[in-house]
Every structure is written in structure tokens, then in C-alpha cells.
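Both complexes shown next keep chain A, but they swap its partner, so chain B is in the first and chain C is in the second.
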Partner chain A sequence: MTTEIINGLTTFITTQIIKRPDKELALDTPLISGGLIDSFSLVDLALFIEDTFGVQVDDTELNAETFDTLSELVNLIKSRQS
Partner chain B sequence: MTLTHLLVFSATALLAGVLVKERGRGWMLLVGSLLAIYWMQPASPIRNLDFWLPSATVAVAVIGWAATRSGEDERSRENLISGIVIALVVIAVGLTRYLEPLCCLTPTRPPQATQIIIAIIFTGVLIALIAWFFPKRGILLNLLFFSIIAIFLVLKTEGLAQAASAWLRTQTRQSTNLASGLDIGWLGFSYVAFRLLHTLRDRLTGRLPDVSLQEFVIYVIFFPAFTAGPIDRLQRFIKDLRKSFNLGSPEMVSGARRILVGVFKKFVLADSLALVALNQTNASQTSSTFWMWVLLYAYTFRIYFDFSGYTDIAIGIGQLLGFQLPENFTQPYLKTNLTAFWNSWHITLAKWFRAYFFNPLTRFLRSRQNKLPLPIIILISQISTMVLLGLWHGVTWNFVIWGAWHGFGLFIHNRWAEFAASRNSAPQSPGIQKLYNWSGIFLTFNFVALGWVWFFLPTPSLAWRTLQTLAGI
Partner chain C sequence: MPNQKTFKHATLIQPVIERAQTDPEHPALIFINPDNTEETISAGQFHFQALAFAQALQRIGVGQEDLVILVLQHSKVLLASFWGALYLGALPSIFPFLTEKLDPEIYMQRVKALVGHSEAKVVITYPEFKDELSRLLSEANCQVLSTDDVPEVSADPPSKPVWKDFSGDKIAFLQHSSGTTGLQKGVALSHQAVLNQIEAYSRAIDLQPNDVIVSWLPLYHDMGLIAGFVMPIVAGIPLVLMSPFHWISDPKILMWAIHNHRGTLCWLPNFAYNHLARALRPRYIEGLNLETLRMVINCSEPVHLQSHQTFFEKFSPYRLKEQALSSSYAMAENTFAVTQYPAGKAPHVDWVQVAPLQEQRKAVPANEGDQGSIPMVSCGLPIEGTQVEVVNDTGEVLPPRQVGEIILRGNCMLDGYHMRPDLTSETIRDGWYYTGDMGYIADEHVFISGRLKDLIIVGGKNVYPQDLEAIANTVKGIYPGRAVAFGMFDERIGSETIVMVCELRELADEQVIELLERILRQEIVKQTEVTLADVRLVEQRWLIKTSSGKIARSANRDKYIREFLD
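Now for the complex of A and B:
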């Protein structure tokens, strides 16, 4: 389950947001504070998470304090799925 | 905040840190913040207004708590005591009117005690009615949300503020001929409004934790951050408020260091730069392109040192009191692009607008059945957010243009970043990358500096003339 979420998120971020499908994302790569995902793409990411994993991410949560890395995002999704 | 305020606040924070423990900390912060907001309020030519404005801040904070509290009250006794303490502090401030040696905490004599007591009873009844008898919580929260925005609009629109001043002057039987938009200088309201709008909205979406009256009022009027932020979130703030805190030497050293850095930035650097910084008079008198750039750069650094110095002081005093307030500035003038600049300039304000305006608007536009082209959505979201952020400073054309200036700049950067990413180019040599970064810093800095012309000068015509001089036209 976790692998599926990681793969889904990685594919979406590399192909749709940063537009570099060959880029490898480590679990602890800072996505927001590192400047890989801007505020506009964050909304797209939230919509993708809601559609794909059925998990609501509020507008006030789209920031580096709530999640900044792939692993934090996976934990957030899993905690809301259970 | 003056140097006197700063000295008293720092000394109080130090004393409180040493003397006040555990439960006493909350009461100290509540009473201290209440007294501070009366003390910091500037004088108003309208009779007694400098007493009623901080009192209205307290009333609005208590109403905000009453509207956002959940149904289950486990701490109703504590909340009642907090309510009584708040009322007693307000009365005590008013009573300084009768104590010649102590008169007055407010800049002018407070109104008569009977007026204050009547106002407290009226507010108490109003709060009880809305807290326990208002039929639909959602309607109440929305009503308060839009009421705060309406008050904000009146205060920030010159014509409306002048009309409000004239109305207040008729109530105090003063001449309405002298009514001015500057009469109602409601200290801290902008920041109080942001905190309240955040709590009202988060209650609507079920994301607000339950807090006591004491905690809520401290959050809204926390004195180090009262006049100019940072804008904390309640969820984060109460973690610091509820933790056990003992002032030790690490907090003392880091708090004192931060305050000193802030004092140096605000009272030495910013105040010195103010002597040569761009202002209405020198902008209209200077015809030399070179000197106009000197004035503009002086203003550009002045606004940064002034505001970030203030934030340093607020964060430093916060540390002495056991709070780690969020950062507001992280070297904004050294950023390589405008997006990075807005992630490091007045960070808590930009975050607020992102969370409560930009994200919902973008989400709405992206989720629509008839989707607009992506660049159009980005353009609409960026410009409307930045114009709104501009209007928060005041409802004038100059602030609209300043907001649009940055909105458009952000849009251009977004498109450029998209284009650069799609080229998928090979990594550049360190030398080229360095050159690229320095060019980015130079461009961003000057774009922001030119934007300040719109921000600071009062009319579009003067700003335009200044820009022409800067361009050598």
C-alpha cells in the first residue's frame, strides 16, 4: 500500500509538476521548502491526492509545516485513510 | 512600538519569566497583554476613542471566542473567571482617570466609570446571546467573518474612515468639520482581524481546537506581536502557551540577542536610512536619476530593516515568554526570483493569503467543469491574490497597482520556470550557475525596489513621475 502511494505521488510530481520524469525523488527530498513544488502546483497535488487516494487535504495544510517530503506526505495520506 | 515600550516589555517578560510559574503564566500573559494594548494605543482627537478602541479589540476577541467555542464546555468556571478578570482589567484601566498620580495608561483620560460598566454589561449580554442563543453556528461565523471585513474596509478606505470619524464626532458632540480618516487609528486591528478570520474559518471547516477564553484572548492580543505580527496560527500558538516553561539562560541569551539585533535594525539602521529614504517631498523635488535611485535604495533597505527589526524584537520578547513565534523574513533581498522573495518577505502574511484566498480560488478554478487554460488560471490567481494583499495595506489605487505589479511579476516567473523546466537542459557549470543566480538576485531586488515606488508614494501620478525620473526620462 505504502509503495503504491509513493509510486503514485512520485509519478505525478515528476511528470506533472516538475516535468522531469527521469528525476528520482528521495523520500526525504524537501519538496516545498526546496522549491520543487510551488504554491500553484500544491493545489494540483492536493486535487490529485483527493481524486486518487480519497483523502482530503485542506487549503490551510498546503505548506511545508504540514508536509515537506514524500515520506511526510505518505504518512499524512495513510493516517487519513485509516 | 517605541523604545520605552520595548524596554518595559522586555523587563516585564524577564521578570515574569523568573517569578511567574505554571498557571500564573496564563494570567500574567492575559493581564499583561490587556494592559499593553491600552498603553500602545496612540491618541485620537475623538474624545475617549483611545480608550474605546482597545476595549473594542478586547470585545471582538471575546466575541470571536464565544462564536468559535464548541458546545461542550469543560472549563466553564475557568472561562467565567477569565471573563471577570478581563472586565476588571478594563474597569481598572478606566479608573486610572480618578487617580491623578497614575493617570493614565491611555494617552488621554478614559471615560467615566459608569460608561465603561454599561459598555461591559452590554457586551456581556451580546456575547451571551450569540454564544448560547444564536440559532445557526454557520450563519454566525459567516456573519462575524464579513463584519470584520466590513470594519476593515471602513478603516482602510479614506472616505469611509472620514465618514465614520464624522459619525463618532457627532456622538461625542465634537465638530464634524475636523473629521479626518486618520482619526480612527485602531492599533493592531489589521493583525487582530487576520487572527480572527483564521479562527472563524477554521471553526467552519472543523479544524479549530477547543481553547479556553483565556487562551483565545491571549492568542488574539499577544502583546509582542500585537501591532505588526507575526501572524501565528492558533493551533501552533497554544502548543507554546500550554507547555511548561521555565525561563533559563538559553532562552534569555537567544531572546536578548534577537531583541538587540531588532533594536539595531529598527532604531539605528532603519531610522538612519529614513533621513535619506524616498518620501513624498523628496520624490517631487528630485530630478536627478542618480539621486532618485539613491533615495529608492535607501527606502528599499529602510522598509526591510524597520519591519524585520520589529519582527526580531517581537520574536525575542516571545522567546523570553516561552513562545517561538514564526519567522517573517528570511533574507528576502537575496532571493533569485520573485516567488522565492514572497516565500521570505512577510512570510506569515503571504501564508495567510495563500491558505485563505489563493488556494481556495485556485482549487475552485482548477475543479470547474469548463476549465480555463492553465496560464489564465495562474494569471487570475496570482494577480487577484496580490491585489488583495495590496488592498490590505489601504484601499487606494497605488496599493492596487503595487499588488498587480507583484502579481504580474509572479506570473511571469511562473511561466519562465515552466519553460525552463520543459527544456530539460543539462546541468550548468558552477560559473554559469553563479552568474545565473546573481542575475536573478539583481533582477528580483530591482523589481521589488521599483514596486516600492507604488507602495510608498501616495498617488499614481507622483509614482509614475518618480519612475520616469528613475528611467532617466
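Now for the complex of A and C:
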């Protein structure tokens, strides 16, 4: 399950947001504070998460405080799925 | 035309003082706080708050023509301090506030740099910044006034007013663009120029006493400063205001503010149309009613038909009227608007053939949707008192549908760039301001097709590529002077995104490249808040240089597209 989420998120971020399918994302890469994802693209990430994993992520949660890395994001999704 | 005096007031401060005296209960401002509580500020209260700042500034020796830099959050205090400086005849200028992404140390150095080269006399900021800024600015002979030292509302208004009868020619305030480069250019505007703008623009949008303006726009940018602050305050139109940070973290608050306050006018940069349409899931906007909105004006970055369509499709079920979609072409150098599409109809779209536009700089009409054609959205007609022409490289006026540089002149133009006579004489020639924007005129409508100047507009914010390149030069491993930044339009976002290509100092393996890329992205975001859409680290001699040895931005952009995207 976790692997599926990681793969889904990685594919979405590398192909749709940073548009570099050749890139690999480490679980601890800072996505927001590291300058990979900006506020405009965070909305797309939230929409993708809602559609794909069936959990709600509100706009007000889209910031580095709620999650900044892939592993934090996976934990957020998993905690809402259960 | 130029300098014709038609407004009954000579300065911006008179109508505000008059309203405070004759109609003090008139709602001036409704501020939506970050916790979503609302605060209504009447014309009388606004006046008193401004007065409190004017007195506090006067007490520490600030006088006429002294430059006052405002290092404050988007808040009612920012508005009151700006107006307080106007009351004194001092020149306020708003500095973008620190955000969590920016490095505080670099930020403070930027404030210091601005104070230094603009010879500012005082900075108004929060108590928590006072000590550090005082220390940094002590050599520059610049004082720091803390908001703590200013009583919230003066309970005891002075019997002798602090304002004087300034003449309309007096400079009112400065507008700075952002970034290292932008901060070098303080656009100085006179009271008369701003009043002329307000008068002409009010007519262009048919501004009425029952209008309500709703805005999240930052006040350090002309669109926010004029449409989302100065014009409503001077014209007595209620302004519903929220901070840009609040809006970006919760975009629905704008739409609900329009609903709740029966908002009629709203200005947005193009990206915001896409952002709102994408972000507002149905659960956020159940029961939303936008029927009161008579104009939503696209301004400050190129207008895209697709963005209007996406926005309209999303919000027409919520009673957004199609004729409310409007557009304007604006810049700080003309106070704000240069053109405006007439109120009451959606802007007309000029379909033109792509090939002649790119190869012969000609806008040849095409049928709607024809292959090899693109839609150009009209920015409307020049506002009264402003004249627009299109010229070629040698300054000759071009006929309609011929693409060239947009130049303008009129009665709301800048007085000049603050302490930069070189830049002023470079851009204002024979009374015409050379905008650096490319476009054409057809049936008197102005269309913007591109940019001559090296500027990238990301989400309505001006970014100078040279600022980003200068940061790349400081990253070890990147060949100094061998970096280029350029914009690429992203249809999904509805704005430009930024790509950087930098040459490596020496051949490196993938891991090192990965690390350098991460460092570069981090430095850029820390210093400028800009997120790079793509970074490519390439071998030496990849970048194309001009014959004079400069990095050619557009040629490298083309090469990037060929090598990495095609």
C-alpha cells in the first residue's frame, strides 16, 4: 500500500509538476522549502491526492508545516485513509 | 491633454479628509483578517489612524519629501501608515514583507540596500524588527519607527492639522518593483498624475457609488496599490481587503467575500483565473452567488483566452456573468492602467495567424479556431488622457496590425525614477514612455503580444532574469557568468514559469549534478521566493552567446526547447 502511494505520488510530481520523468525523488527531499513545488502546483497535488487516494486535503493544509517531504505526505494520506 | 486639470481636488489627501469630516461613518475598508474575522473601518477611523502615523512621523522629525519605507504585513496598519506619510507630504513606498520562504538575513540586507540607494529617512516596521533594522540602518542615517510607538486611533486629534496645501505637482509616493533590479527603480508619481489616473480609470470602468471592490492583491504592486487601495479610498468606494498570503493559502475566501459583501469589481492577474478554477472544489463553493460581480479585470500579466474560458466554465453555474470578464493593460509608470476594456462586455478576441506574427511581426486576421492561428485578447482602449502608439526599432510609428514596441504619453505618467535620471532619460524620450512591451493596435484596441525587455512575470510578480542569474553565479560548481534564466508559458497554471540553464564548472557525475541543482533551487527560493520549474546543468560552451559576449536569453530558450522538450 505504502509503495503504491509513493509510486503514485512520485510519478505525478516528476511528470506533471517538475516535468522531469527521469528524476527520482528521495523520501526526505524537501519539496516545498527546497524549491521544487510552488503554491500553484500544490493545488494540483491536492486534487491528485483527493482523486487517487480518496482522502481530503484542504487548501489551507498545503504548506511546508503540514508536509514538506514525500514521506510526510505518505503518512498524511495513510492517516486519513484509516 | 497632458496636465489638464479636471479633478476638483489638487491632491489625494483632500477627498479623504473631506469625507472623514462630512461623512465619517462611510465604510472605507472591510479587512478580512487571517483568522477570517472581519473588521470594518469607517472613513473617519481611517483618517484618524492615518493622522496618528502622520503625527508619529512628525515627532521623529520626518518632513516633506522624506522617503518612508514601509516594511509591514498586508494590514490596516500598512494602509494607515501609507496615508499618514501622505498627510505629512513625505513619500511612502511599500516594501514586500518577509515570508517564511525567504531568508530573513538576506531580506534585511535588501531593506538596507533600498534605504541606502534611495536615501530613505525612516522605515516603519514591527517592534520585533526594530532593533535589528535600527542597527543595520544606523550608518545610513535612517530611523526606524515601530508600530508600537503609534497609538492605534488617536483619541485626541490635533487641533492644528499636519497636512498642508500641497500643489498637485508634488510627488505623492514611490512604487518599487521587486527583486534586486526592480528595487533600483522607484517610480515617482505626482498627486495630479494619480488623480488623473483615478478620474480617467473611474470613467473607463464606469465606477459608481454603489460599487464594492474586493481584493487580495499585494500593495507593493501597481494593480494592488491603485485598484486595491488608493482609488477606492480616494473615490469613497468600500474596499474589502484580504492579504495575498491568506488568499493563496485559502483561495475560496475571495469568492465568498464577493458573495458576502455583494462585490462588484475585482482585479486579478491571469494565473489567478486558472488557480481559482482549479483550486475551488465543489465542496468549497456550495451556494456561492457571484451575480453582483460586474467586472473581473485581468491585468498585470498577459491575458489568455483559455484562462477566461476556464474561469467562466467553472463559475457560470455560480451566476458569474460572461460580460463581467474584462481586461486591462497597466504599469506603475502610468500610475496603473494604460488601457481598459469597456465595462459591460467581454473583451473581443482577435484571431491572428501565427507565422506572420512571428516572422513578419504582423497580426494577420484569421478565422476563429483556424489551424496555425492564435487568439489574442484585447486589452481595450487607452484610458482618457493617455495616448498609445506602436513604434519600430528606429522609433517610427507603425500602422495598425504591425507589431512593435508600445509607447505611451499622457497625464498620469511617472515624474521619473527616484534618483535615477539616467534611467528616466533612457525610457522617457520626447515625452513618450517606452514600455518595453510588444504589441499592436487594431480598431483602436491594444493587443500585447510579447516583451522586448528581459522580464519574466510569474503569477503577476515581476522577476528579472539577471537577479536569478546573479544567484546562480554564487553557487560553487556553476561556471560564473554562465547561467541563463527565462520564462516559459504554462497553460495549466496560466502564467509563466521559470527555467534556468547553467554551465558546470567541470564535468560532474549525476549525484553531484543532483546536489548542485538542489542547492540552486534552494538559493533561488530563499532569496527571491521563486520556484524554478526546471533546472538544467549542462557542459561548458552549451550556452549561446551574442557577438558581444553576452548570454542570449531568447536563443538559449529556443535551444532548451529543441534539446530538452521536443
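Quick note on the criterion: the second predicted complex is superposed on the first by the 82 of 82 C-alpha atoms of A that agree within 3 Å, B and C clash if a C-alpha of one lies under 4 Å from a C-alpha of the other, contacts with A are read in each partner's own complex, and residues count from 1 in each chain.
Here, contacts are C-beta pairs under 8 Å (C-beta built on N, C-alpha and C of every residue); 3 or more make two chains touch, one makes a residue touch a chain.
Every value quoted in this text rests on a predicted model; they were computed, and no experiment measured them.
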| item | value |
| --- | --- |
| Partner chain(s) touched by A:Lys19 [first = chain B, second = chain C, both, neither] | both |
| Touched partner set for A:Phe40, first chain B, second chain C, both or neither | both |
| Chain B versus chain C as contact partner of A:Thr60, first or second or both or neither | both |
| Which of chain B and chain C A:Arg80 touches, first, second, both or neither | neither |
| Overlap of chain C and chain B interfaces on chain A (superposed complexes) | 18-20, 35, 38-40, 43-44, 47, 59-60, 62-63 |
| Chain A contact footprint on chain C (complex, rising order) | 100-101, 248-252, 271, 275, 278-279, 281, 284, 459, 492-493, 495, 518, 521-522, 524-526, 531-534 |
| Of all residues in chain B, those that touch chain A in their complex | 202, 205, 207, 236, 339-340, 351, 354-356, 358-360, 362-363, 366-367, 378, 381, 414, 417-418, 421-422, 424 |
| Residues of chain A touching chain B in the complex | 18-20, 35, 38-40, 42-44, 46-47, 58-60, 62-63, 65 |
| Residues of chain A that touch chain C when the two form their complex | 18-20, 29, 33-41, 43-44, 47, 50, 59-60, 62-64 |
